[in-house]
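Okay, so subunit A shows up in both of these, paired with subunit B first and subunit C after.
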Partner chain A sequence: MEQAIVNGLYLGSQYALIALGLTLIFALMNVLNFAHGQLYVLGGFITYVVYGQLGLPFVLALVATAVTLALVGAAIEKFLFRPVIRRSVREESTMLLAAAIAFFLDAVILLLFGEKQRGVPKIMDGLLNWDFRIVMPYDRILIGVLSIFIIVGFILYMQYSKPGRAMRALAQDRVAAQLMGVRVDRYSMIGFALGAMLAGVVGGLLVTITGVNSGIGGPISIKAFMMVMIGGAGVISGAIAGGFILGMMESVGLFYLSSYGDITYLIIFASLMVFLAIRPQGLMGKPWG
Partner chain B sequence: MSNKFPLLRKAATVVALSLGLTGLASAQNPVLKIGFVGVTSGPAAAWGISNQRSMETRAAWINETGGFEIDGKKYDIEIVSFDDQKDPKRAIAGMEKMAQEGINYVVGPNVDDGAAAVRPVAEKNGIMYFPYAFPKSLYTAPASNAVLGMVANYQSGPAIYKYLMEEKGVKKVAFIAANESDPLSQRDGGVAAAKALGLEVVADKDTYQNDTRDFVPVLTPVLRARPDLLVLSGVAPGNAPLLIRAARELGYTGLISTETAQDAQVLQEGAGELANGFISVGGASTPEIRTAAMEEFIDRYTKMFGEYNDESNTKVYALEYILETIKANPASMADVEEFKKTMDTFEAKNIYMKGDATLKYVGSTSFGQKRQVSVPMVVNEYMDGEFRTLFIAEVD
Partner chain C sequence: MMPGKLAKTAGFLIYAAILLILVPRLIDSYERWDLYYTLTSVALLSIASAGVWLTFFIGRINIGQAAYALIGGYVSAVMVVDHGISFWWTLPAAGLFCAVVSVFVGLPILRLRGVYFAMVTLVFTEVAKMVALALPITHGASGIVNIPLPGALEIFGFTLIPDFNTLDNSRRGFYFLSVVLMLICFLGMYRLVHSRMGRLCFSLQQNEELASSIGVNISYLRIVAYAISSFLGGIGGAIFAAISQSVYPSSFAVADSINFMLNCFLGGLGYVFGPMLGTFVLYFGWDWLFQTGKYQLLIFSSILIALMLVLPNGLLSIRLPGWKKNG
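For the complex of A and B:
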């Protein structure tokens, strides 16, 4: 049981970080970014090239990944989403655009980085082994701790920085924020860049553990949507809670139900359906949006 | 054309030259089209891309050296590809496209449900196809148009388990598979083979979603049964290093094997030395059994596509079989019934493998008819970035 809980906490910290960027973009722009998983993959590949191929320090690779993804995110918002949002009030327009970006990035990533699974050298050797009751390699512990630090850093940034406050104001009431002098275009772009950066950074962190391949963007997006739906779309604390809940459900389910075949996800999806029927806004979302 | 449009004129010249050159090329040799229907995008892209690139590499090589001679006439080989996205509906559309183009020979699909879905289209349109899928019904009478393009797990599994029982003292075995039709059917076949050999199967129900990225939670309960051998049934090359790494990091020290082809570089990058000792199956995969022709194929593939994929050690063969069989009976170029007649007696030199290895159709034991290409069943052990041959066997 101890191992299942530790596995769940580790998975949860990864998942929460993945979901944060998605929920931030939704909160600011009411956009369901179907390309979130592809941004994660792109981040993984940039870290792979800088750290795995060029042999530069891992920290530098993570910084390069963060900067690149922030620029990619800013460009996507400025040149793609902003004109569409300006010209169309229909939500389907941004959904279609997001889906198109996902397909486009899938194709570009496959073209640039090939079809193979890629991996990088371990960033830390060694293993925590508590009498085989809890076994956890040090690099996973490090990545888990780093994920939690990034989550805390993100919360503090949103809480106390000027851009963070502006983005929260936008998320609460876009029109009121605009009337109070918040520059909507500027902070939407910063928010999208931040969301893309978070996706890229978690891709960069996890390439050291799980590697990366060009086809995993879609499944990552689906999981991220699940977490956001559990926690409540557009709510930061909800995304974090959703990530940890999904991670724990997966870990405990696989531990206790594995002998019955692959029913863990069946139960997770069934529970999600029942939960959403009772509370469609998620744990921390508001029913009115 | 006036000088007002120099760019347009230049473009027209380029187009005209291109058309002329194309015409010249096609005037040299008639073209023989061979199809490929398989998955070249999405999470399973690696399977189909290695297929498609193997065919394109071999076709370019043949065309560069003057074409493939059939009945005294040289043909340029053209590969017509269709990405089925691992979707049976698209696989059917792909096979219909091949029929519309008048193509009689198709390599693929890569997975069970796709291969089963295209069967009616292939049979109706008289297309021979070479799937990488294991259901016996595709190759057993009354089916007759499908030819298995590799060694099936129910053929390689027993050989591997027997070897490991005798050489490594394996007694307890655990199976884990992705929750998809191919891996699950391979797992069931493997479990039956292991039980038939007298092995104790300590886990045979554990599965994972194919998009799983972290396998520690999946493997934790499996490894508590302390197996001597962990079989990764039908594992995708992208998942193999993740599973191996997770198992080793959980303290598992036993053997790990699979019956599918893997890629040494992917194992190296994904699991490093933790993958040492991992057992898999390949074609002409190890340096000690490769011919110079295989080395040249690898070299050409690498130059064309940037890097080689070890899965192509097996996938290089399907096109070779199609062309050599047509060569043996030129009437089969337009009539697949002639192709089927030739299959029973066909034999040609295997240019990729040292020794007296031959290309021939097999499968009588498994399917009751010769509906499988004879690919060398090379059982490999991964060690420090490359595969080493453990043993070589043949399917009859």
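For the complex of A and C:
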């Protein structure tokens, strides 16, 4: 049981990071980013190339991943989402665009990196063994702690920096923010870049443990959607809560129900539907976000 | 602005004649039998997409149609294989079963809006797949295979539809079946949208509170629209199971749900016939790009993105600039 909880915390910290980026993009632009999982995979592969193949330090690889993904995210916002949002009659049209971008990134990733499962050398050896009740490799602990640091850093950035304040204003009320002199276009772009960067960094962190392959983008997106739904769309604290809740449910569920096959996910999905029927806005969301 | 009723009827009849007479002739003379299967798929997928379009029409993003297609396929397959019931009875049964399920699913979730509804329906697709894996009646992961071809449909001793086994080309039979159903479906959809109920549904898309405040029974309308949508999904899925003579839990997955939605977007959300055109273009585009090998997905998605940038309101918006009837 202790093992399941520790695993859940570790998993939750990764999930929360993924959900943070998705919810940020949703809050700023009302766009459901279907391509989020693909951005995660792209980040994983960039870390794989820089750290695994070129042999540069892991930290450098993470920085390279973050910068590349931020640029990709900014470009997607500026050249794709912005013109489409401006010209489409119904804002749901962005979903087709997001899905098309997801397909596109899937194709690019497949062509560039192939379909094989890729892994990199461990960043740290050894494992923590507490009386065989909790067994946890050091590298997982390090990645978990790193993710929590990034989450805290992100929250501080959103709370206290000028762009963070501008983005929160934008999320609350786009028109009002514009009237108060917030440069809406610019901060939408920064927000999208930041969201993409978070997705990529998680991919980069996790490539050291689970590896990466080009097919996992879609499933990751669906999980990210679920976390955002649990916590409430467009709310940062909700995304973090959703990430940890899903991580914990998966870990504990697999611990107790692994003998029944996929029943864990069936229970998670079904209970999510029931939960949303009772509380449509999630744990912390605004109604009808 | 609007062409006369006569012109519309004539246009529809010409379209039906092209599909039912000209296209089979052409296919037969060029001996491109594979096109029957492709066009049948397009017809069936556009029936299911029409359902998704109807939920768009009441202002809901539906990414759960694959669940109903899967349920429809299983209902028909179980009835035909395990109980020996004629396919022609299972077809409406599959649709009705889906409609009933959708009422129970829809009652709570139709209160949701926007992305929340979209996400719950997406999750529902996964739930349907996992339930199909877990239930004994669906035979788990191995699915139901060896579904017999539809038999004859006789009413009072008069053979309405011949036994598909006696046809020299069963694909041709399925083609006629699907195209006729598609035409009926879109005709009905057109009538629905231009009826009083259609107007009321359109009011839901614009503002539910306002509609409710002037006396529109919004929860009833939502359920009815969603049930019709699911009915169409079930019909499509049931025929698909009959064509492929098999159904698996993965026959219809999240990707299919998303495709149904994309068909509607691509054709244009403001146009009744949007899903038909969207399905046709997406399916044929994808098929045609098969020759580009490993660049298929890359080219396909690039074209989709380009289309979005040029025509963000769907393909049909190109013909009617400035026509903003349905939003």
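Everything that follows uses one rule, which is that the second predicted complex is superposed on the first by the 286 of 289 C-alpha atoms of A that agree within 3 Å, B and C clash if a C-alpha of one lies under 4 Å from a C-alpha of the other, contacts with A are read in each partner's own complex, and residues count from 1 in each chain.
What we mean here is this: contacts are C-beta pairs under 8 Å (C-beta built on N, C-alpha and C of every residue); 3 or more make two chains touch, one makes a residue touch a chain.
Fair warning: this is a prediction, and the values are worked out from it, not measured in the lab.
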item: Contacts of A:K122 with subunit B and subunit C, given as first, second, both or neither; value: first
item: Which superposed partner A:R90 touches (first subunit B, second subunit C, both, neither); value: second
item: Contacts of A:L254 with subunit B and subunit C, given as first, second, both or neither; value: first
item: Touching partner for A:A107 - first (subunit B), second (subunit C), both, neither; value: both
item: First (subunit B), second (subunit C), both or neither touched by A:G55; value: neither
item: Which superposed partner A:L206 touches (first subunit B, second subunit C, both, neither); value: first
item: First, second, both or neither for A:G181, with subunit B first and subunit C second; value: neither
item: Partner chain in contact with A:Y265 - subunit B first, subunit C second, else both or neither; value: both
item: Those residues of subunit A which subunit B touches in one complex and subunit C touches in the other; value: 106-107, 110, 218, 261-262, 265
item: Complex contact set, residues of subunit B against subunit A; value: 40-46, 49-50, 179, 203, 205-209, 211, 213-214, 216-218, 220-222, 237-239, 241-242, 249-251, 263, 265-266, 269-272, 306-307, 309
item: Subunit A residues within the subunit B interface of the complex; value: 3-4, 7-8, 10-11, 14, 52, 106-107, 110, 114-122, 127, 129, 132, 135, 137, 140, 206, 209-211, 213-216, 218-220, 250-251, 254-256, 258-262, 265
item: Of subunit A, residues touching subunit C in the complex; value: 26, 32, 34, 80, 83-84, 87-90, 92-93, 95-97, 99-101, 103-104, 106-108, 110-111, 218, 222, 225-226, 228-229, 233, 261-263, 265-266, 269-270, 272-273, 276-278, 280-282, 288-289
item: Subunit C - residues contacting subunit A, complex; value: 56, 61, 108-109, 111-116, 118-120, 122-124, 126-127, 130-131, 133-134, 254-255, 258, 261-262, 265-266, 269-270, 294-295, 297-298, 300-302, 304-305, 308-309, 312-313, 324, 327
